[in-house]
Structure formats: C-alpha cells, structure tokens
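In order of appearance the chains are A, B and C, and numbering begins at 1 in each one.
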Amino acid sequence: MGSLIKLELKKMLFKKRILIIWMGILFLSFISIRAFSMEETYADLFSKSYGLVPFMGILMFMIFSGAYTLEYNSNMSGIIKTTKNGRKSIVIAKSIASVIGASILNLSIFFTLCLSAFTKFKFAGLDIPLKNLWYFGNSESDITVIQMILIMTFTIVLGSFFFAQIGLFLSSISNSAAIPFVFGGLIMGLPYILEGFVKNMGLGKYLGATPLWTMMSCQLIRYKIPMSMIGIFIVIFIGAMTILPKLTYDSFMKNN
Amino acid sequence: MILWEVKKLFKSKIGWICLGLFIFICGVMFFLKPILETENIYRNEKYELIKDDRSKEIIAQEKLDQKIHQIKEMASYSGNDDFSKTLKTISQKKLKAIENTKYEDVSFFKVLNHRISHPFINSVMIIILVLIFSNIYTDERISGMNDIILSSKNKFKVLYSKLGMAIFLPIILYMIYVSIAFIITIFQYGPPIHGQLEALRIIDFAGLLKEPYTIYEYLVLKISVMMVLLITVSVFSSLFSFVTKTSLAAISASALFIGFGKVITLMRFLPHSFLTIMSTSNYIDIMFHMEQFIGMYLGHVHILGINVDRIQMCNIFLLCMLGIGIAGCIFTFKKFLTK
Amino acid sequence: MNILEIKNLTKTYGNKNANDNITVTLENGLYGLLGPNGAGKTTFMKQITTLIEPSKGEIIYNGKNIKELNEEYRAVLGYLPQEFGVYKNFSAQQFLQYVAALKGMNKKQAKNKIKELLELVGLYEVRNKAVDKFSGGMKRRVGIAQALLNDPKILVLDEPTAGLDPQERARFRNLLSQISKDKIIILSTHIISDIESIAKETIMIKDGAMLMKGNHKEILSGMEGKVYCIKTSNENEVMEIQNSYKVVNIQRSIDHVELRVVSDKMPRYENVEIIEPKFEDVYMFYFDLENTREV
C-alpha cells in the first residue's frame, strides 16, 4: 500500500503544470504579505490566507480532477481493476494520496504566508491575542496568533480530507476532468462567492457549517460562529467521509 | 460550420450540463432582489433585521433626496486636487440634468439592474462559458478528429467557426438571460417605466457617476461591459483549448487567466499606475463588484506623462484583452495548429 | 495445471445478448478468440477478467467460482486491454513499478521481475525514458510486460497486435509461444496469422454465441471441399462471382483472373477446382462482411 500511495502521489503532484502553478502561488503568497506594524501584518496574514483560497482550490481540484478521469480516458482502469490491489486498495490509496497531496499544497501556501509575516518581525509577537488584530476586530478572542496558526494547520488538513473526498467522487463519476474541476471548485467556493449575499439574508452564521470556513478556521473566530454550526459541520464531515468513499468505489467499479 | 459546432455542443454531456446550469441561474434569478428604493432594510452588527415601517413613497423620496444632496455637496466642494475638481464639474453637470426631484417608480429597472450583473449569475455564466470553450478543441484532440479537421479543405472555416462561436455564443446566451430577466421582472415588479429618468435613481453610488446617464443608457453600458467580459473569457478559454492537450489543462489555464489580474494587484512592486488600472479592470472585481465600476468616475492615472480617466483606461484594457485573445486564436490557427 | 471452466456464460444489455450461453473449458495453452467486430469477444474477455459480471452463468477457476476467489483470482490474472494510455510523467520502469504495487508485489520481487521483463520485451535500455515518448509498438511491449508482472496463470490479451508492424508481431508471437506452456492465454484478434501458428485451439464467436472451438486441424477439416479456385478471363463473370459468393482473394494475371471462393456448394463455372483450405477461409466462410452489431 505504501508504494501505491507514493506512486499515486507522484502521478498527481509531479506534473509540470502543477509544479509551475504551485511555485507561482508560493511566490505570490510570499510577496502578498507587506511590512506594516506587527499587528497589521499579522492581521494581513489571516486576511490573505482566506484571500488565497481560490488558488488553493484551483491547485487542489487540478490534482483531484484527474484522479479517476485519467484512468478512464487512458483505459488504465481496465488494467487496474484486474489486479489484486486494483479495487478497494487503489481507491484507498488514491484517497490517502489526495489528502496528503492537498495538505502539502495548502499547508505550503499557508506556511509561506506565515513565514513571510513572521520573518518581518523575527518571529516576535506570536503571542498577540487575535482581538488585537483588525481582521478579528469584533471577535474579542483571546486565542493567540501562534495558537490560531496551529488550529488552522489542523483544520487545513481536515479541509483537505473533505475536499479530497468530494473531488475524488466527482472525478469517479465523470469522464471529463472539467466536470470535477468546475463543480468541485464551485462546492468549495460557494461560501466565498455568496458570502455577502448570505450575510445580507441574515444567514451569515450558517457559513460556519461550510467546509471552506472550517478549513480556514480563522473565519470561524472572526465571525464568532456558534459551536452548533461547528457541530453541524462535524456531522456533515462524518457523513461525507463515510458515504463519499463508498460512492467513489461504486462508480469506479461501474465505469467500464 | 458554426451550426455544426452548436450541434456538436448539444450532443455532448457538457452541453447539457451547461444548459442545466443556464436554466438553474434563470430560476435563481427569480429570487434575486436588491433593496428597493421604496424599502429601507438593513442588518445590524448582530445580523438582526431592521426594517423601516414608513410608507414606500416617503422612504423612496428620502433616498432620492439624499442622493441629490450628496451630489449637491460634491458640486459645491472647493478642493483643489484634480479628483475634486473633476468630481465638482461632473456633479454640476448631473444636477443640471435632473429635471424632476420627485420620486418616480423605478422598481422594475432597479431589480433588472441587479439581476443582469449579480455576482452569482456572473460566476455561473463564466463557468458555463469556460466549460464549453475550454473543451472546444480538446474534445477534437481526444476523439482524434483534430487530424481529420486539419487535413480537410475547410480547416480554417472549422477553426474560425469555433472562434466565431466563442464570440457569438456569449452574446446570445447573455441576451437570452437578459430577456428572461426582463420578462420575469415585468411579472414581478410591473412594466418597465421611467427608463428615461436619471440612472442615479437606481444605483447606490450615485455621487460617483461620471455622466448624467439615463437608466436606459446606464443599462446598455452595463450590458456592453458584461458582454465584453464574457466574450473575452470565452475567447481565452478557446485559445487555451487550442494550445493545450487536455481539458483539465485548458480549464485550469482559464481559471488562472480569470484570477491573474487580481493576483497582479497583490504584487506591490509593480508600477503604481499599472496596479491602479488592474485594481479596477481585473475580471474578479468586475464580476463581483460591477456596480462600483460601470459608468463611474474613480480618478485619473498617469501613464507615460498623460493623465487618463481610470475607468476609461480600464475599458480600453478590457477591449485590448479581447483583441489580444482574438489575435492569439488567429495566430494559433495560422502558425501553430496548421503548421 | 490450470483449468478455467466457463459455464453458460450470458451477458445481457437491455434485451440484447452480448454473450449468449457460452460454455467452454480452457486448460494451459494459447486460445485464439476469433470473431468480427461486435461479436462479443471483448464482453467475453471482460467477464473472464472480472471487469463485468455475467448476467447468467459462472466462471470456475480450478474448481472455485472466480467471484468467490475475488482477490485470489485477480492475483493470478494478467490483462492487456485493446488500447491503453500511459501516464505522461512515468518512465517505463516507474509504470511497471506502479502496476507491480497494484498487483501486490513486494519491492524486491518487483525490482527483479521488472528487470527480467524489460529485458524480455527489449526495453531495458530505455527503461528510464517517459512511456509517453515511446512508439506504438514499444507501448504495446510495455503493456505486455505489465500483464506478465505477476507471472499470471491466466493471461487475457485483447487484440494485442493491432497497430504493430510485421516484425513486432513476429516478436510478439514468439514471446507468447515461449510463455504459453504453463498458463492459459486468451488472445482475441482479427489477424488470423497471429493465432494460426501458435494457438492450441481457436474459439470462434458469432452474434455473442460460441460458433465452434477446436484446434487448427479440426477447424480446417470442416472446411474440406468448401474452398474453390475459379479461373476466368471474363470481367463480367468476375463481378458476378463477387456478387454471388464470398470471395477470399482475387489474383489477376495477364490473361486471366483467379478467384478464391468459399462456398457450401460448388460454383457452376467452367474452370473450378477444389483447393486446400486455409485459416483465412474459415473466417470468411463463417463471418459475413457486414456481420457487425452493437453491444
């Protein structure tokens, strides 16, 4: 299984276009943080980490979209399914590889932002509470910057888990990579697009139950999302983690 | 040939998905509604709904009065910088053009204006076009038809018909959408009356409006910009489809193209004037905040020693991008695909 | 000894039988699967490779149903589909490593086997080059190598020689001959010469059903007295013969035309003689030119 995951990861990540775009986004992440006062810069860090979400989405769904469509289009699915590990194991391997791949991509972008911000102040002030940063203006949160970074590291991995399952499922039911790319991106980005609209309708707190906001957990703190919403997301998460891999397996097996 | 392209589109799964999405946005549009001039509803910091219970006419008149007052203040402002001076002249011009300060029912146009450029509608419309056009040539490659096309007598006719479709389909699609919006809005908010009145009556940033546009003129301007945006996205998606080998490569290139302008605005080391232009002419901001750009005055930028209106510069930029896209496609046909 | 028993195999799509009640027992050796396009060969092979499930009937490997054997069965299976793409960013060696991982081979075992197979298919020198850059024949050889990785007891090859040049085909035939001793090889093809010399038996499929099964001699013996050579110098007669009989070959000389014809009855022409049947005649005799159908 280990080598299968490793090779799946290589298949997904080590593509020229992925590497170029990834490097481009890392560069962008680094330069997008500017040297203001410490509080301003650290607020900028969280603001930009949410602002760069569309690029995380593009990268993530570029790797998920081809996971199954590539096998279908190249007729490799026939070969794969006739091998000993070509059924449940390959679905699990693809899933793990996607989670690892997405986590590496997303965390690398987030950590580049952090590095860019922290090096400007020689890693000082990491214990500043979030309530002192404009980005968390009304949150009154006592969580410190470093604590938030650690929480986000965890939730970014959690989000990568979730979006990987969505992306893989969409890829497994489609023959064209365009479909999982667009619709996966749409599922991820809907709270991003509709934020203003939803808030105007007074339904802002429900954004807290979306996978995107849980992944970028600074949003949960910023808007003081109630625990009930986080509870709803946990239910959605468990449901998706249980159902989606099974659906993915079924559609992979059905596609001939 | 172009009809064949349309036929091919509807024979493909993506064509039907796009049709589904189009029907979906037409359905969603039914529920899209701005806060009308006759309403005063907002949410406080706790997201509680606050509603003004006064009569519609009073609220609407108060809002109009506020807008006129704001323009009057700008017209009498005595700032010495270029921006204030220009704004003063513009405001005086707008005041002269106001014939009637009494509120008239403009609900139909207020709603139509909201519906024809809602960020969600714009996003889905862009998704539809990217889905269609980033597959327009990759589908031929995957099915192996590309070699047959390129060895045929009418190869250029086929290629140009694909480009033609990238130009005309967004126009047709958007016009159908606007027509449906028009009809639905009539049913919901009554007939389109008072379109000859000042555009400031239906927009929120009335003070920054560059010209004393009528509602009709303003809507035409908005629809035109929207069309340029949609055509540009289609043309570039097609271009990526012509030069890449897989639909995923074409579609991700299209996504990056759309986001690239916004990315540039983060590169603070670039020249200030360039960043200023990009901050108003990147496709993401146009898609999401169209109201803030169309027909507005946002100051001037200095380029090569010349003072140019920022929005005008942005319009030029958008048209240039469209031109570059079309030229890129033609170049690809002549020097890349058929060589 | 490996025994694959196929009992009453039926696959139905809607109201069409893609495979209709096929019963056949296969033992070690190479079996050629012959039939026109749409006859049901690929459906038959996909059921043997567990890619699709039969609507009726069962497949028994060494006394056990392959459905129950599941992974155990796939561990002894090798499959080369009609066409398969490659991963652009993989070299030949990496591609085989990937398939080895899929086949559950451990690293050391896989390393040795990959080296051995790359040498066998003549690709060892180019093992680190991207498969994407290989010619059609080379890609096919990579395909064969992947199918052989787990030393399969059942090897299913779907039109493996399509698109190969004569040299590559000969090389491929020799390779199959070498390895067919201790395994069941099922090979589908349109190219009769591919199986003519190496197949232990040929299975002919028509309209989803098994038409006949037998070795070279048995199949040809059924054709005795059904192959004719007609000589004529009249062009109108040539046209007439073509319209009335299945013509396998037309050979033109300076003063006459020789037509090789397969028919149940002796054609009534002046210069007709019965000739020795060839395998190609069998194909022409049983399958019509337009005998294709959608499955």
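To be clear about the criterion, a contact is a pair of C-beta atoms (placed from the backbone, for glycine too) under 8 Å apart; a residue touches a chain by one contact, two chains touch by 3 or more.
Here the structure is a predicted model, which means the values were calculated and not measured.
Taking the mean of all protein C-alpha atoms as the reference point, the chain centroid lying nearest to it belongs to A.
Comparing the centres of all chains, each the average of its CA atoms, the largest separation from subunit C belongs to B. Mean C-alpha position of subunit A lies 29 Å from that of subunit B. Between subunit A and subunit C the centroid-to-centroid distance comes to 47 Å (mean Cα coordinates, whole Å). For the pair subunit B and subunit C, the distance between mean C-alpha positions equals 58 Å.
Touching of two or more other chains is recorded for residues 73 of subunit A. Shown for subunit B are the residues that touch two or more other chains, of which there are none.
Those residues of subunit A that touch subunit C in the complex are listed here as 3-4, 7, 10-11, 14-16, 70, 73-76, 78-86, 89-90, 256.
Taken together, the subunit B residues at the contact with subunit A in this complex read 13-14, 17, 43, 45, 47-49, 119-120, 123, 127, 130-131, 134-135, 142, 246-249, 251-252, 255-256, 259, 263, 266-269, 288. Against subunit B, the residues of subunit A that register as touching in their complex are 17, 21, 28, 31-32, 34, 48, 54-55, 58, 62, 65-66, 69, 73, 138, 175-179, 181-182, 185-186, 193-194, 196-197, 199-200, 202, 204-205. Contact residues of subunit C toward subunit A in the complex are 46, 49-52, 71, 74-75, 77-90, 94, 97-99, 101-104, 107, 146-147, 150, 156.
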